[in-house]
Amino acid sequence: MNTFGRIFRIHIYGESHGKEIGVIIDGCPAGIPISTDDFTEDIQRRKGGSKGTTPRIEEDKPIIKSGVFNGKTTGFPILIAFENTNSRSEDYNDFLVSPRPSHADFTAKMKFAGYNDHRGGGHFSGRLTLGLIAAGVIAKKIINPVKINATVIEVGGSKNIDSAIDNALKNNDSIGGIVECRAEKVMVGFGEPFFDTFESLISHIVFAIPGIKGIEFGSGFSSAQMTGSEHNDIILEQSGKTKTNFSGGINGGITNGNKIYFKVAVKPTSSISKPQQTLNMETGKLGILEIKGRHDTCIALRVPVILEAVTAIVLADLMMLEQKITRII
Amino acid sequence: MNTFGRIFRIHIYGESHGKEIGVIIDGCPAGIPISTDDFTEDIQRRKGGSKGTTPRIEEDKPIIKSGVFNGKTTGFPILIAFENTNSRSEDYNDFLVSPRPSHADFTAKMKFAGYNDHRGGGHFSGRLTLGLIAAGVIAKKIINPVKINATVIEVGGSKNIDSAIDNALKNNDSIGGIVECRAEKVMVGFGEPFFDTFESLISHIVFAIPGIKGIEFGSGFSSAQMTGSEHNDIILEQSGKTKTNFSGGINGGITNGNKIYFKVAVKPTSSISKPQQTLNMETGKLGILEIKGRHDTCIALRVPVILEAVTAIVLADLMMLEQKITRII
Amino acid sequence: MNTFGRIFRIHIYGESHGKEIGVIIDGCPAGIPISTDDFTEDIQRRKGGSKGTTPRIEEDKPIIKSGVFNGKTTGFPILIAFENTNSRSEDYNDFLVSPRPSHADFTAKMKFAGYNDHRGGGHFSGRLTLGLIAAGVIAKKIINPVKINATVIEVGGSKNIDSAIDNALKNNDSIGGIVECRAEKVMVGFGEPFFDTFESLISHIVFAIPGIKGIEFGSGFSSAQMTGSEHNDIILEQSGKTKTNFSGGINGGITNGNKIYFKVAVKPTSSISKPQQTLNMETGKLGILEIKGRHDTCIALRVPVILEAVTAIVLADLMMLEQKITRII
Amino acid sequence: MNTFGRIFRIHIYGESHGKEIGVIIDGCPAGIPISTDDFTEDIQRRKGGSKGTTPRIEEDKPIIKSGVFNGKTTGFPILIAFENTNSRSEDYNDFLVSPRPSHADFTAKMKFAGYNDHRGGGHFSGRLTLGLIAAGVIAKKIINPVKINATVIEVGGSKNIDSAIDNALKNNDSIGGIVECRAEKVMVGFGEPFFDTFESLISHIVFAIPGIKGIEFGSGFSSAQMTGSEHNDIILEQSGKTKTNFSGGINGGITNGNKIYFKVAVKPTSSISKPQQTLNMETGKLGILEIKGRHDTCIALRVPVILEAVTAIVLADLMMLEQKITRII
């Protein structure tokens, strides 16, 4: 399903090399000032062009097609489109026969019986995350006073990001990374038991981002090695402030007023320049695949702004549900 | 929201020390043979009583209230209830004033303005997972030929589970653990882009299980340290079989025909016998909390059968959506 | 789907002659005082026993299984069950072979391949509306200051209800009727374009009530014969008060502050004592069916309290969405 | 909510005088041939221009932005847009102060605190139904062998449609009408108890069409005047074929294999050329409103093709749910 959210709802559409990709945001409060300039910074942060990210530079200009009138949201669906202008579709025809290892080429073809638009990864392209960014920009505007901030904390197992990227580039290879996201000033009470815990909603949307392999909240996997007396966060104040924060700001699936933080593991880009083996689906034999096209050395570098966006989207939805955001702003 | 699923839908209800807890399964195919005996094994696996799990032994007898006729599902909602018979509610009154650290006591009270049923953790109790087990037993019946199997692979950082538990018990403390879940014979094609990837749905429901802190699919967090040429799974056969399986059986959010596996981190039980500090909400001062009641030394030990259940629930839903399970069986 | 609503959500379960029928109400605000006595009046109004309604008298005693603690709602799912105690299942076996005309016997059997619980109409029984009543009682408590009132305005084409019923009883026949529902003091602004107009939501749930054949809002079908200059309701005051109210209190799918009213057509009970023809499904030949069992002469008589309930349910959901009902009361 | 459907899901967006209006169709099977020509006939049938409908002629050219590749659906969201090219927005400014009687001007302004795009009725414009038409064209392609057909059966209380329109035009007035929709070759078994009965889903979407005041299935309101022995449809054959069809092809909310038919009442267009009274919202006094702009004399004339579309949309969703339409065609 290409829809996420209960009140603040988003719908993603488009294929990488089709006419356009974009997002509809439904259920957004009326009265929020929006201009296309508001999107520039986050789109820029996500965009390729720097070392370690793909040289493909789309203009990535948001076009607001509906839901904004006189510079403010109307309360009706906001469609934000991004035209596709800079694509080399012929680069992708080989992958119909020789699917790229660990990519969606094979699964997409099988699930959709070959009717999927394979060019540029189609609907599976990282380009689709532009829609998340756009929705995130709007979400960030309404989740006051929350501040969200995400950073790459490690790539290829190294804290020295630059040299790790250089090394991978030199080898025509790619590397993975870890990104941490933090949200501050989140009030107590967001998260809806039983199934819509805060972690459930965040992880649901996080795993929609291509390339994510794991997520951990607070102390995460290291909590498995701890004792209760070490791990328990002592409550210090009536506001809920705790001495330590192994809980990552969440208890019983509900935010507890402390800083929220979680980490995600991003796999190394599947598309690498280095020749690799794959099956030729027609002959049934293994062959050598050389991927030309354009691709990131380390997609983890693009993930921080996307994590911020999806966290804002989840918070906007929960805060509207909890009536901490009014329907008219 | 206490509902999960699109076609095979489950609704959880009940509080730990109320009259009963249970689950409604809606959208289940008609014609599946069901008897209360079918639930015995999985309920037994989840149940407390052995070393490291709580001494509270409810009878945990499933009562089928609707949706089964002449021993077979009717296609209408199946309500399965578990009566609460063995509870010591008075054990919990202290926690209204002195919330247990890292427990839902504080967040539940704040979110629901104190109206929540705090006894035994109320709706936040691990007891609620009985409903997941019951739904999972039914789900397992319909997801042929899939086989799901989960095991504890580590507690308190040690592979020697018995001695780690003994040690924690001796210290009146608790410990965390890691549980791995594997699903075999899952066909290619389950998972619904953009938002309902296989990982999205699994992680959504997994984080509804109390005490889960992290999840990783396939190579998970270790993939962040790998290069693409190491991590890519070479496709060997037209069936989709790969040489390695760092992808954990999923590409682009869609199952690829290989074994699915994921690991979850379970935190140490928050309730420990060891005295610990917490806030007295009335005085605003720190005090010492001694938790009597009954609790698990290591809740990770109960998690395997729950992970199997939720995996079966997700698969049942996706397989019905993909029309691999018929509505009449 | 046995679920209705976005925020204030209800789940219906049970079969007429199974163990119990009931409803889960999820998303209800915390803090609402509830006792089983609160349900007595509306259950009584719905109950059979008087002239024109079925002699089957269940005790119809609501049992609150969850979601209420210390006499108030907790914010978690409220399960309200009604045990089935007074059923004569053997009365229904004939209908497996000889489906009652205009009843769900045939369609239920075909759709569910005969696995449905046919006894007493199973899930299709009017008895299931008890769950609507129970949810409606709770909904009515939270939709202040709205007042809802429904009445039978006509049966069998006659305003003289008593004599029309007598006549039908004498003929071993049944008759239809028309019920009007009115809601007063509904504020401006409820209804969610494009698809969840006020009329859309009301009609959706109204057509879940067995036996409803039509619905019209305001001037309804007679508006088709009017001109715009006759039909338009002149706005008189800034509150939205209009001179006439052909709109039935709704414009553009949104409540306009005037009295809401709508009428529904209820068909004559399908089960009649009078012998009638039907197909013998085994022989493929027509035969004569004599329905013994127990049934209403005029189900329209039971509909008013149900219409009030479903209107309250829709309003509760829309008012929570519009944040006119808080999550803690 | 601007979304309808569970499997075959549609999202409506746009305002009458914004950049574009349109629809996303999500969950559509892959492999369906689609070209823009496929939409021509139904768009033409809906379009204004003939006597009794508005002189505003947009080009109404569908632009497929996503979800179609090599002339076939991909299984991903299909966005179909219609640009707005021929609008006279200044015509609508007066209505901000002097809301048109029985129109959404007042309710939209109040609900959205004046942030709504009022031009041309904004999101409330009949123009939005173009999105329904587009989704309906696709739905019609997949619901084989069902045939749907709708016609105006009466306007202004008269079967002589032409002369009734002439009369209204002469008086600068508008008139209402009644439209009947029929679906043939619908198999037994569509409709999902308890809440998603066939009538529930049809009426839900029908009341999203601007101007609908009532709906009745089969014998509808006239059934209220009948006895059971008159109204019951005798089953004649094992296929479910009945002698009469007062049920309108539906029993217990499930299609019974006979012809489905229902009628809707369409109100007279609210916008009339004839001067009428309304409130001046600023002065709080009544004044005379003369609506210039462009509008239909009888919107009922445009409704048939829309009714066909929404019926096809509901059937597509139910048939996919019931697995009578495969996900790859």
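Residue numbering begins at 1 within each chain, and the chains themselves are lettered A, B, C and D in the order written.
Just so we're on the same page, a contact is a pair of C-beta atoms (placed from the backbone, for glycine too) under 8 Å apart; a residue touches a chain by one contact, two chains touch by 3 or more.
None of the values given here were measured: they were computed from a predicted structure.
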Number of steps on the shortest touching-chain route linking chain B and chain D: 1
Same-site or different-site touching of chain A by its copy chain B, using the half cut: same
Rounded Å distance between chain A and chain B, as computed from the means of their C-alpha atoms: 26
Gap in Å, rounded to a whole number, between the CA centres of chain D and chain A: 37
Junction residues of chain B - those touching two or more other chains: 1-3, 6, 12, 76, 111, 123, 193
Complex interface listing, chain C residues touching chain B: 1-3, 9, 11-15, 18-22, 24, 26-27, 30-31, 63-67, 69, 72-77, 79, 81, 111-113, 115-117, 122-123, 328
Contacting residues of chain B [partner chain A, same complex]: 1-4, 6, 12, 99-104, 106-108, 110-111, 123-124, 128, 154-157, 168, 171, 173-178, 188-189, 191-197, 199-201, 203-208, 210, 212-238, 240, 242, 246-248, 251-256, 265-272, 274, 276-279, 281, 284, 286, 300
Residues of chain B that touch chain D when the two form their complex: 6-7, 76, 193, 321-323, 326-327
